[in-house]
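Pasting the structures in now, so scroll down.
First chain A sits with chain B, and in the next complex the same chain sits with chain C.
Up next, the complex of A and B:
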């Protein structure tokens, strides 16, 4: 899991597979990074080619936690199949989702 | 006709999920799957096998999970079997799909995703042998 601070936005790059093993390997690191930053978080999903309910739960938990602190967690770069999962589960209504990292950073700057 | 089949049996324990996911990699290397078929196969392991580990067997009677993949003229059949508590995923209630972030829960989402992503799903509990069998089908396109 790579993290990078761009301006006031914490950008977190997800690994390619968010299956049970992928989630277990980043779950605590992700929540610690999000809780320490407290503000604007962008989760870059462009490498992700698999998500299941476990990964959706992890993202939602972090969204709730950071929103409770006045921040936000937005997503960028969903591959076709991932976007499909988000649509079917209606998770696309819970997150602000951008086509790519630049669009998300512009969105945060507005 | 172009038929092939691969199968594995593992104990219904958390450590086995990793083996099953590695088995999915093997299948993807040996069968020509479409992107959607590969995704569904991984999803079945991730959601259904995990449910079997969590709910199917009680602590004293840890049993097995059998996973088989068959391909027939491009159609993928994923068969997952266990010997524990009967659970028909078709009876699983619709998950919470509300857009209220605070209230949103994610219970039942895994089974819902499997149902949504496949072309056909059937389930059978054999009262004689006690085996549960879930068959999930994904066509070529």
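Up next, the complex of A and C:
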């Protein structure tokens, strides 16, 4: 899991497989990073080619936590099949989702 | 020789004359490094005084050599066998090139007889050696005793852990039996319809379930659901969701003895109640449940349904010519309080098959981690859709198992098939 601070946005790059094992390996690291930052978080999903329901739960948990502190967690770069899962489960209504990292950073700047 | 003997503490009391007499009794012997002076168990009629070099005293225990002692210049060895006429108690071997003075049994006795101070000195040395050996043995025993105590403690701890694990295993078995009761004991019989279902957890308890709920007016509630994750946390939410949804579906007409105004109202109200309860009471867990709930009116073949984030059920036409998804997407249950639902409707045509399933089927992995996949699932449904609902379920189950080829089941699997007969 790579993190990078761009302006006031914490950008977190997800690994390619967010199955149960993938989630377990980054879950605590992600929540620590998000809770330490408290503000604008962007989760870059462009590498992700598989999400289990636990991955959706992990993102939802962090979204709720950071929103409770006045921040936000947005997503970028969903591959087609991942966007499909977000659309069908309507998780796309819970997150602001951008086509790529630049669009998301622009979105945050507005 | 006399000069060397003079430097040996054992003979420090000897006069020049006595030393000369002693030197006369002794024979010199040289040993190469590693050469054995005498073997354990050999009979001994000679004692030795080390003049130069080093000798090790070696005992044998269970076929393994143990170095008991190392002796150097001035030390006497082999005298024990002379005193008690017993076989050698240990082997003695040169650690380096060494020289010893050999004294024969008879000369040894004569020497002791004529020199009381030598006898006392030997007695003192023998006693000291005995004392050292005893102390060493006691220390050795203490160390062994500590090792044994430690091993015993480790063993006891391992046994406690095993008992603990067994108890957890036993509890999981009980939980599995109880969870089975959360699935319909038998499938209802609906004239003109076929029903079949299959549910298998990846672990002792699972996060998938299906339900078939008897509703007024001969209607049937059909549920296929998947709680986020698997194992115990998911299983708790299965118990919660299944109970809430079933109670919310049945309570209005069971308690008030009247039919709900309409099936759509019952469907959306039951979902509203179930979702709201879980989101409100268990929101902190951030757990959610994807759930398809349909209510079938067999008289009109109409299915009113809501799909809360679950894999869209499929409708397969007779002969498998067409496969379409039941569209209606809302968030899974348990995420947002006071969420409202809207029912969708579909009429099942004669021969059409409704297939509800969980992603444990389509995401079943083979040995290299490749998923079974939507395409393979749909192709299998098309190919075998002419089978009875029961045989179709068995065929899909076998197809997924054949594909996995022994790879461990990654996720819980649920499959439910409803067929309108011609």
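Observations
Please note the rule applied: the second predicted complex is superposed on the first by the 110 of 110 C-alpha atoms of A that agree within 3 Å, B and C clash if a C-alpha of one lies under 4 Å from a C-alpha of the other, contacts with A are read in each partner's own complex, and residues count from 1 in each chain.
Following the convention adopted for this analysis, a residue touches a chain if its C-beta (ideal position, glycine included) is under 8 Å from a C-beta of that chain, and two chains touch if they have at least 3 such contacts.
Note that this is a predicted model, so its numbers are computed, not measured.
When both complexes are overlaid on chain A, chain B and chain C end up clashing with each other. In the superposition on chain A, contact of A:98 is made with neither chain B nor chain C. In the superposition on chain A, A:86 makes contact with neither chain B nor chain C.
Applying the stated contact rule after C-alpha superposition, one finds that A:56 touches each of chain B and chain C. Contact with both chain B and chain C is seen for A:20 once the two complexes are overlaid on the shared chain. Contacts of A:108 after superposition: neither chain B nor chain C is touched.
Using the contact criterion defined above for the overlaid structures, shared-chain residue A:67 touches chain B, although it does not reach chain C.
Among 202-210, 238-246 or 346-354, the region of chain C with C-alpha atoms clashing against chain B is 202-210. Residues 19-20, 52-54, 56-57, 60, 64, 88-90, 93-94 of chain A touch chain B in one complex and chain C in the other. Considering their complex, residues 226, 228-230, 286-288, 290, 309, 311-312, 329-332, 335, 359, 410-411 of chain C touch chain A.
Across the interface of their complex, chain B is touched by residues 19-21, 50, 52-54, 56-57, 60, 63-64, 67, 81, 85, 88-90, 93-94 of chain A.
Of all residues in chain B, those touching chain A in their complex are 17-18, 21, 35-36, 39, 42-43, 46-47, 50, 95, 97-99, 101-102, 104, 106, 109-110, 112-113, 116-117. Residue ranges on chain A touching chain C, taken from their complex, read 19-20, 52-54, 56-57, 60-61, 64, 87-91, 93-94.
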